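Each of the next two complexes has chain A plus one more chain, namely chain B in the first and chain C in the second.
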Partner chain A sequence: MSKKTKLTLISIIACIGILFILNSTLGSYQLRILNLCGIYVILALSLNLINGFVGLFSLGHAGFMAIGAYTSALLTMPPEAKEMNFFLKPIVPWLANVQLSFPIALFMAGVLAAGAGVLIGAPVLRLKDDYLAIATLGFSEIIRVIFTNTQSITNGALGIKGLPYIGIFNKASEAIWWTWGVAIITIIFMALLINGSYGRAFKAIREDEIAAEAMGINLFKHKLMAFVIGSFFAGIGGALLGHLMGTIDPLMFRFLLTFNIVLIVVLGGIGSITGSVISAVIVTIAMEALRVLDGDMQIGSYIIKGIPGTRMVVFSALLMIVIIFYQRGIMGTNEFTWDWILKRQKKISEPLNKEKVS
Partner chain B sequence: MKRKIALLLVFVLMFATFAAGCAVEKVDNEEKQESSNSQDSDVIKIGVFEPLTGPNAAGGALEKEGIELAKELYPEVLGKKIEVVYVDNKSDKVEAANAATKLIDQEKVSVIIGSWGSGFSISAGEVIKKSERKVPAIGTSCTNPLVTKNNDYYFRVAFVDPFQGKVMANYAYKEVGAKKVAFIIEKTNDYAVGLAKFFEDTYKELTGDENAVVYRAYYQTGDQDFTAQLGNIKESGAEAIFAPGNFTESALIMKQAKELGIELPILGGDTWETPEVIEIAGEAAEGVVFSTFFDVNAELTDTTTEFLEAYKAKYNKEPAAVTALAFDAYLLALDAIKRANSTDPEAIRDALEATKDFPGAAGVVNFDENGDAVKAAVIKTIKDGKFTYLTTVEPN
Partner chain C sequence: MAILKTDKITMKFGGLTAVSEFDMKIEKNEIIGLIGPNGAGKTTCFNMITGVYTPTEGKIYFEDKDITGEKTHEITKLGIARTFQNIRLFKELSVLDNVLIANHMRLGSNLFSSIIKTPDYRKKEKKIREKSLSLLRDVGLEDLKDEKSSSLPYGKQRRLEIARALATDPKLLILDEPAAGMNPQESNELMDFIRDIRDRFDLTIFLIEHHMQVVMGVCERIYVLDHGVKIADGTPNEIQNNEKVIEAYLGVD
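After this line comes the complex of A and B, so read on.
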């Protein structure tokens, strides 16, 4: 086992330890935010694979999330809960009594989203740049409209509530292991994928399609592959989000949701796994931490009356500052690697060693 | 250098926004003392989550007005001061869940009020149900039946869509005398879909005719052109049109119906009670009929009078129905705390459930087994460019 693999393993164990401590000490509010962080890490990584590494500007993420969320919701909800929800129009009989365990439903959510990814990707990936963005954006809107109209499957505009907890034991404390567990698996998967031969092909396509094709890379195959993997994880992320919320409706999966994830990816650095993880955590926590600004503030003996929305203004300003100073996002296309850490350590310790010698 | 200038500009911009929007108030030491004391247990906290920003901010602002007014009139209960904690749900379901969790877990409120929009309320309801510290919630203008269904901790002061649908079906059959109706429904709106369904059920029962609904047209939020649907309705032989939906689209429907020469009575729901309907539809809005929660002329209770006078004095305009509902939610919360004689959320929940004949500004509130208010509906029309009171329909 090389030194780097050892370090990776140790840091994963350390992560699990930290999660364990956080899970037993934090209140339900902080835990909810932490869970959201995990989910946004998954979503940001899945979008970054498509947008950042292959360079396909896709805006259809909310659509895949909707597919995942609805699949998992309908597969895990007990029959009584379904009956309660579908009071306007009864649910189709073949779905009424289905109840699978959470992991299977979660996997199915990913698979169905990936299936939709194939269906939409095959025709649309022939497009480039802005045209691709428009086509995928249209796709996610179509999904939303379909879900609004298929009342006997999705309960239409009324939405569904009473989704079971994340996990198999029906306990709230279990959620964090699923959200961050899947997030860590996603990070490892993406890192392996990007550093492998597929990853090099993806990056080659991003840099120059014609050159990549000349080198013998099958453009369509690779693009579709990235798109499908991305939509698989988007589906899983959507399913986790639905279960964390306990309720979903078609309106949730508007363009705004895609935009949130695009923002995370751009802020973190288009084409950086590390950047996406960092920025997903920062953005999710910052939006909640800045809530203080909405309320009344007291400075000395003056009270500044709070205006709702102040946090959004400050948040936008912070975004502007970051983008001005880091034009390619927090990490650019750089990654966190052990080499980088080890090198820095060497740099710090080198002068010390020299002193000792002299 | 360029960066420095850019940074400077950003700060100037931020400062300008603050300076433009913020009201800075000097507080004397006494008040300061009081506010710093507010962390103690002699304060009762009520949490409010509303869409204060985002697409539904207008609705949230109207409800906030009602709560602020009620707090001014009744700032104390059980000899303790009330502190209202507002959190913004940004017109977003995920944020609504976060906001509700914050109220329960961080602010430790005794009771929650909110919100405009059923989706946000359902989201908060799920949080409450799954939370360890369960806090009762009082919904204001969320009318989707799912909000309170299967949730013992959610109540609401508004009546639900099924009741409104029933009221309008009765009106269409008995007052308008229509034997056949046509629907034009905003499919993307839970409220419109629910209303239409229960209108249809009641109407079929009343007429005894399975085919009483002769035509159903659907549209999406944001649609502009309804001439195709309206053309079909014209041909369908309907004697009235039921058009539940968002006010902008509904106003366009009224306008285009008029242009197509459709002279049928158009019926709708409480969303139409906004000045925009009259602004957009103009002449075409004359004679449309809709049900709503509240009217200045339908003096439902003594609280109505009190609310109207106080509202006029403070804001100098006519109150919206949702403002009255928010006002009621606050008063009901106070009433429940008083009856429970405790700030314990569980005790307040039990007191809320036992509510009987609570006199609110928008009618007398009694709860059914779901925690939905059973109360009278008001029917209004538009006459000479003004909302005009027609009649009050009591719950049976």
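After this line comes the complex of A and C, so read on.
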């Protein structure tokens, strides 16, 4: 085993330890935020693969998430719960009685989202890049319209309530292992992908399409690959989000959701895995911390009436400041890698008198 | 058998005819030049050969196979590699990565094995790393392998582009103004280098160049374009004494 593999294993074990401690000490509200952090890590990484590493500009994430969330919800809910939800119009018979275990449903959520990725990507990725943003944005809105109107499958605008807890034992305390488990798997997956030959090809496309093609890289094939992988993880992230919230409806998957993820990616550094991870955690926590701004505030004996939405205004302002001063995000395209950390450490621990020799 | 043959290729951009009925033929292992004043249509010829543009009319044959209108990456796979007049490196990536990327096409591993890093994939990755480092050594850039490619000085960027093109294992290498921005000493080295790689990699080389010293020094035959039309072809000696060529270059109407 190489040193780096060992370090990776050790840090995974450390993560598990930390999660274990947090899971048994934090309150349910904090745990919910921690779960949300894990989910946003997955979502940010999946968007970063498409937008950051291949340099495509996709705005369809909410659509893929919606597909994932509904798939997993409908596949895991017990028949009675479905019957209660679908009181206006009964659910189609072929869905009424299916109930799969959580991991299978989660996987199916990814698969269906990836399928949608093929359907939308295959025609659009052949076109110039500008069309992709418009087409994917349109796609995610269309998904919402479809889900609002296919009442016997999605329960339309009423949404679905009472999604089972994340996990197989139907216990809230299990969620953290799934959200962060999948997040860690996603991080490792992306790191392995990006550091392989295909990852290099992706980056080449981002840097210069004409040169990449002249090096024999099939642009369409590689773009589609990245797009479908990104959609898959978006579907998984969407499913986890749905189960965490417990309730889903088409409105939840508006463009604002995609926008949030784009912000996380930009803030973390387009094309940086570690950047996306750090940024996802910071932004998720900050969004919650700023929630106080929406409520009433008391200064001395004054009470300032809260205006809902203030936190978004403040958040956007903070974001603009960050973008102005750190144009390339927290990490740029750089990464914290073991090589980088080991090198630093060596520099620090090296005796200072070395300079005198030369 | 000619390795590359064009049959009256014409390229029109709207009302502008950039190249008109251009005929040429290159035999295996030749070093051929393409010259002409600015805007003569040289780069456009290269772009047609490499599939960036599909000729409006005419046909292109590579090793007797009709490649007219084929996709660029397919043509690269058949064995034509190129460099660009306005250097097109993968700027943010390291010097070594630039060359590694050119090996991707012939790697023969699927996405999945590249992710889980199968023993077979590891073996191939090691092999392309060695090959890329050896190519970098050939162009004298091995020490700079971890530098960002855009941080290299101009002449070195040009050499890196050649190394990258060579990494695709081409049969025909086409170079668009390889000596541009090089000082006389570098151009001299370039001439030796071009001859050397031709022999070592069993290549055929087709190049556009404005530095007459380089063209005349290294090319065995030369084609001359002016306003998209071929006005002459022949040995360097013949070209230097050709009236039409002299006129075109001196701008006499």
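Operating definition for what follows: the second predicted complex is superposed on the first by the 326 of 358 C-alpha atoms of A that agree within 3 Å, B and C clash if a C-alpha of one lies under 4 Å from a C-alpha of the other, contacts with A are read in each partner's own complex, and residues count from 1 in each chain.
The definition used in the following text is that contacts are C-beta pairs under 8 Å (C-beta built on N, C-alpha and C of every residue); 3 or more make two chains touch, one makes a residue touch a chain.
Note that the structure is predicted; figures quoted are calculated from it, not measured.
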{"item": "Chain B or chain C, by number of chain A residues touched", "value": "B"}
{"item": "Chain B versus chain C as contact partner of A:Leu241, first or second or both or neither", "value": "first"}
{"item": "First (chain B), second (chain C), both or neither touched by A:Ile185", "value": "neither"}
{"item": "Chain B versus chain C as contact partner of A:Val292, first or second or both or neither", "value": "neither"}
{"item": "Partner chain in contact with A:Ile168 - chain B first, chain C second, else both or neither", "value": "neither"}
{"item": "Which of chain B and chain C A:Val118 touches, first, second, both or neither", "value": "neither"}
{"item": "Touched partner set for A:Ile13, first chain B, second chain C, both or neither", "value": "neither"}
{"item": "Partner chain(s) touched by A:Ile303 [first = chain B, second = chain C, both, neither]", "value": "first"}
{"item": "Common interface positions of chain A, toward chain B and toward chain C", "value": "none"}
{"item": "Partner chain A, residues of chain B touching it in the complex", "value": "3, 6-7, 10, 13-14, 17-18, 21-29, 32, 35, 52-53, 57, 86-88, 90, 92-95, 97-98, 101-102, 104-106, 119, 122-123, 125-127, 129-132, 144-146, 149-150, 187-190, 192-194, 197, 218, 220"}
{"item": "Of chain A, residues touching chain B in the complex", "value": "27-29, 32-33, 36, 81, 84-85, 87-89, 145, 148-149, 151, 156-159, 161-163, 165, 172, 241, 244-252, 256, 287-288, 291, 294-295, 298, 301-305, 307-314, 317, 320-321, 324-325"}
{"item": "Residues on chain A engaged by chain C in the complex (per definition of touch)", "value": "189, 192-193, 196-201, 203-204, 207-208, 210-219, 225, 333"}
{"item": "Interfacial residue positions of chain C with respect to chain A in the complex", "value": "50, 52, 71-73, 76-77, 81-82, 84, 88-93, 97, 100-107, 109, 111, 114-117, 121, 125, 128, 164, 168"}
